[in-house]
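Shared chain: chain A. Partners: chain B in the first complex, chain C in the second.
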Partner chain A sequence: MYKLILKMAWKNSFLRPARTILVITMIAVSMSMMLAIQGLYDGMVKNMIDKNKRSDSGDISIYAKDYRVQKDIKYRIKDAKTIKEDIQKIDGIKAVVLRLQAQGLLSTARKSSFASIHGIDLKEEEDFGKFSEFLKEGEISLEKRSAIIGVELAKTLKVRIGSKLIFSTQDSSGEINSIALRVRAIIQTTNIGLDNNAIFVDIKKLHEFLGVNHKHATQIAIMIEDNRLISKIKQMYPNFDVKSFLELQPMIKQMKDMMVIFNSITFFIVMSVVFIGIFGVVYVSILDRIREFGIIIGIGMQYKYIRAQIFLESIIVGLIGYISGAFLGLILLIYLRDYGLDLSSFSDALEMWGYEAVITGTIKVSYFTSTFGAIITASALSVLIPLRKIKKLNPIEVIKAEK
Partner chain B sequence: MFALAIKNIFFYKGRSITTFILTFVSAMLFIVFVSWQDGSHNSMLENSLKIYTGAIEIYHKGYRDIGGNEYLIRDVKNITDKLSHIKGVEAFSTRYETFGLLSSREYSSASMVAGIKPEKEMGISSLYEALRDGDFLSESSANCIYMGTGLVKKLRLKMRDEVSFVGSASDDSFAADIFKLCGTFKTGSFEFDSSASFVNRSYFDELMYAKNMASYITVKVDNLDEVQRINDDITKVLNDENLESLTWKTLMKTMVEAMEVDNVFGYISLSLFLVVISFVIMIYGFINVSSRIKEFGVLRCIGLSKQNILSLLFYEIFILSSVAFMVAVPIATYICYYYSINPVVIEGIAEMYKDYGLVSDEIPFDFNLFTIFWNIGLIYILNFLSIVYPYIYINSFEPIEASRHV
Partner chain C sequence: MIKLQNVNKYFYKNDPREVHALCDINLKIEDGEFSLFSGSSGCGKTTLLNAIGALDSCDSGEIYIDDTEITTLSESERTELRLNELGFVFQSYNLVPVLNVEENIGFIMKLRGFSNKEIKERVLEIASLLEIDNKLKLLPNALSGGQQQRVAVARAVAAKPKIILADEPTANLDSANSEILINMMRELNEKEGVCILFASHDELIRENTKRVIELSDGALVNDYKY
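Then we have the complex of A and B:
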């Protein structure tokens, strides 16, 4: 019996092919657009988080108490090397790096700007966050007096590869000290703080320049495999300021939350409108065949079989719409993931806001599962009112009635 | 046709109500969203303009791109004399900016130190309104320094504390002096407040050997909408190929571009809603005409042309859309107007997005009737497009065939 019902449902779904194709197109277009937008926006945030972690804070960062407020090398971690070695021994730790930072004035012969100098170990940074991937121009090297500069800072100072720079700041003894540097590379991390203000030099050289012991650091950044390690490390170092990535980046946390809210609202509105569309078609399709339903009830067919048939009709349309939408959406998402949305004409603005000129999307299975659930639910719910109409049918009156 | 369209609207209530609701929702969503988006962008730009950047700034060519003391404007007086005769120029002032190191007893920090004319600056920027503690500069301020609260915090200074300055003068010689903290300001711009400080120009000129010189001249106009015209007049009057006069659109190009990008993403999101809603309106329109094929067939048989049928469908969608707009537009317009004068306040948003130049927790809407009109126009067009396929579908039937359709 159910085989017959399935067959009838399939045929009736395409009784008015133009109408059915319109609904399928509506579901497919709206779903694929929604998937592409979700993927693009999630990709933007994911990319931002990934690059911020790799270029700066990692999953966890340890600072001396008050360093983040005062930004002064006076508040540095004195036994940083030992702490680093201890942390490296913990299971689930991917990488640990030490960094030394100081703020000061960066000048060329013609221009000056505020800047923060970052002492890093290139090899360790490569293991930590693939530092070389941030290269925009030049060659990643910190030999001799080489420096690597953030893309926005380079624009502010109008410097190129090979330009000479002077960085002046207060050293650990409070004296004003200056160091001459030569730009070896320009990087774009999409971390606004670094792109706008940072100049990177070899950490040993910075220790020497600032008169700081080589075991000291202002930041210990850690990459982890398991988020449960955050509380463990916090417990291990209660006398330090141990912060997780999202604690250090409340703005990104808010962006992430806002993206979830935005995607949920979009999803709800789109699915509500899709529901109205399916409902309209199913309702009219039943009204068109009301006499037919009267007759089959009249000849003894049970209501439950009619209900099953109508449910199936709606779900078949919804399912075909879903499959078409998922297919189109997947193509769009793959394109956005592999090629991205090229906004090079706005590259200055995007770089200023910490985005790349080509924005790439991301693909999550949850996009497809949640949309599947929503479309099938919308399809199933859309038949409830038409079914009530059939249930109240008086077969004799319907058969007698003129079409 | 118009009367027949009205009759049809009342007869096919289901389709009419759905089209009305969907058009109402899309109009509300579109008008309010665009107003919010434009309002927040305008607010960011206006705040930036109000704080320090002028509507127009005049530079020596090369100062912005290359920089250096050889690109300072010389003979400033000659230029400012000419500016005072240009229609639309409300006020102007000269600024001498340099970067140097400021040091308190224990701490040092890099700072942009600018020599300004206090009286003139009061009418141009919001530096005076931003006063937090102490006094704003005056002509008799001598070695007083007016400093951003962030910078004061970095240097751990108290009012009347001394702060030393080391920089280079306009002739590239070494310049150093000791200033006294006389006032602090907070504009809300994180970067500006933590890096800028100001000194009375007449005193600073002596120190920097910069009499009758300026980094640039900032100009306030009486009507921002006429900024381009005024800028053209300035260029014409100055008539000096070594000078360039730039409007805020060029000076804040990156920010303007950033707003455009944000608009692109906003419209991408909005297009999703509009496309889905248009589809549903089209589906309901299609369902409606497909149940009226016989009716259209009879109308064609009694002499109505294809053009008449198109007019009928057009009137139906036009009336339904117009009625929806009559309800939606006053509500949406009121919302835009209300929030343009009573901005939405999101506590902490300025602090959260300080790196993006947000200086206020207030997000005003933009109340612009032209924008509202083009929003409505676009939804009208989308609704009109929704009758194209139903119209083609009806015309695929011959009149006789349609009149017999069941």
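Then we have the complex of A and C:
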């Protein structure tokens, strides 16, 4: 019997093909747009998180207690090299780097600005976060007195590749010391803190300049494969300030949460459109066929079969809309993932907030599964009122009305 | 057997427009009858047919189909009764437009759970009898009015109900098609033993039925058997 019901539902779904195709198109277009927006929102946040992790905190960062508040090299990790080697031995650790950081004044002949100097090992940073991918101008090199500068700081100081700089700070003995540097590269990480204030030099040179033992560091940044390692590392080093990425970047967590809200709102709007669309089609279709339903109830068709038929009609429209929308959405998402959405005309505003001018999308299976669930639910719910109308239908009224 | 005892039906009850549509109807119809409810328009023949067909309720009285008192049945029990015991032929054919002739004829058999083989055989048998066996794959809108009404009769009779209720089945047909239809229904009555009750004022039906039950203003006034 259900085979016949399915056949009737299928044929009735396309009894007025223009109307059904219009609703399917509406579902498909709105769904594909929603998938693209979801992909872009998530892509924006993912990119931001990715670049922040690669350029700075990793998944976990270890600092000496009070360092993050005082920002003074006095609060440094003295056995950093040993800790690094111990951590590298743990299963699930992707990369570990040591960094030495100090605050000071960066000057050209005409301008000066507050800056933080970061001592890094370029080779290790490349393994850790593909540092060279941040290059905007020049050549990634920290040989001799070479320095790499953040893009916004370079703009503030009006320096170019080859410009000379003087960085002054207090060394470990409390003396004010200066170092002459030459800009070899300008980088853009979209990590606001680094782009606005950071200058990178070779870590060995910074150890020497600050008068700090080469085993010391202010930060140990770690990339991990499994988030469960966070609590393990926290337990291993209770005397240090061990923080996960989201603890170090609460703003990004807020943005991530905000994007979930934006996605939910978009999702709700699109599903409401789907619901109204299917409801409209099913309701009008039932009104068109009310006599037919009255007659088939009259000749003995049980309500359960009519209910199944109406549900199937609605599901058929929803499902075809979903398949078309998923196909269109996938094409859009693949394009956005591979080529991105170029918003260069808004680049200043976007980069100020840590976003890239070209936003690339992400593709998650969950976009499709959650949308599938929602469309099927919307399809099922949209028939409840029309079904109520049929349930209340008295066949004799229909039979009398035909006379 | 159908038995009606003191059946009364009002429209607009307790309203200035009140109509006493069926007045104290007492009637017995035996199995295999070929009978007609006759009378002028508004006399209550369709109301009586609908009451027997468990489509409409009564205000008082009892209606029995065999031993089942149908006025006390719930809505779903009435639906079951209509499905299993009765067949209907309406004035406007009322075929399912998205199903072809074969599926329309087998529709009630399908609802009653007959096997596909049984349905196929029976559909062919009935379609041959009603001379529509060459139209089985067509949709109803490809048929003439007379052919559609034959499909409606075939649908009503296919599942071998005890009773077929036909309300003005010839109203939309020309005299030639009306005659063909009535002859076919008489043949079904004779061959299959199915009880057929008409509600009509068509003289052609009156001439062909074996019993004419006349109604006037809701009351049974004459009952002729031929």
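Operating definition for what follows: the second predicted complex is superposed on the first by the 400 of 403 C-alpha atoms of A that agree within 3 Å, B and C clash if a C-alpha of one lies under 4 Å from a C-alpha of the other, contacts with A are read in each partner's own complex, and residues count from 1 in each chain.
Keep this in mind: a residue touches a chain if its C-beta (ideal position, glycine included) is under 8 Å from a C-beta of that chain, and two chains touch if they have at least 3 such contacts.
Since the structure is predicted, the reported quantities are computational estimates derived from the model, not experimental observations.
Contact comparison for chain A: of chain B and chain C, B touches the greater number of residues. By the touch criterion stated above, A:104 is placed in contact with chain B alone, chain C being left untouched. In the superposed model, A:26 lies in contact with chain B only, and not with chain C.
In the superposed model, A:381 lies in contact with neither chain B nor chain C. Within the superposed three-chain model, A:258 lies out of touch with both chain B and chain C [touch as defined at top]. When both complexes are overlaid on chain A, the residue A:331 reaches neither chain B nor chain C. By the touch criterion defined above, A:8 lies against chain C but remains apart from chain B after alignment on the C-alpha atoms of chain A. Residues 403 of chain A lie in contact with chain B in one complex and with chain C in the other. On chain A, the positions that touch chain C within their shared complex are 1, 4, 7-8, 11-12, 15, 291-292, 295-303, 305, 395-396, 399, 402-403.
Those residues of chain C lying in contact with chain A across their complex are 46, 50, 55-56, 76, 79-80, 82-84, 86-88, 90-92, 94, 96-99, 103, 107-108, 110-111, 113, 155-156, 167-168.
Interface residues of chain B facing chain A in the complex, by the touch rule stated above, are 14, 18, 22, 65-68, 98-101, 103, 106-111, 154, 166, 195, 253-261, 264-265, 268-269, 271-273, 275-277, 279-280, 282-284, 286-287, 290-291, 352-353, 355-356, 389, 393, 406. Those residues of chain A that touch chain B in the shared complex are 16, 18-19, 22-23, 25-26, 29-30, 33-34, 37, 40-41, 71-72, 103-115, 158, 168-170, 174, 176, 192-193, 250-251, 254, 262, 266, 269-270, 273-274, 276-277, 280-281, 283-284, 288, 343, 346, 348-350, 352-354, 403.
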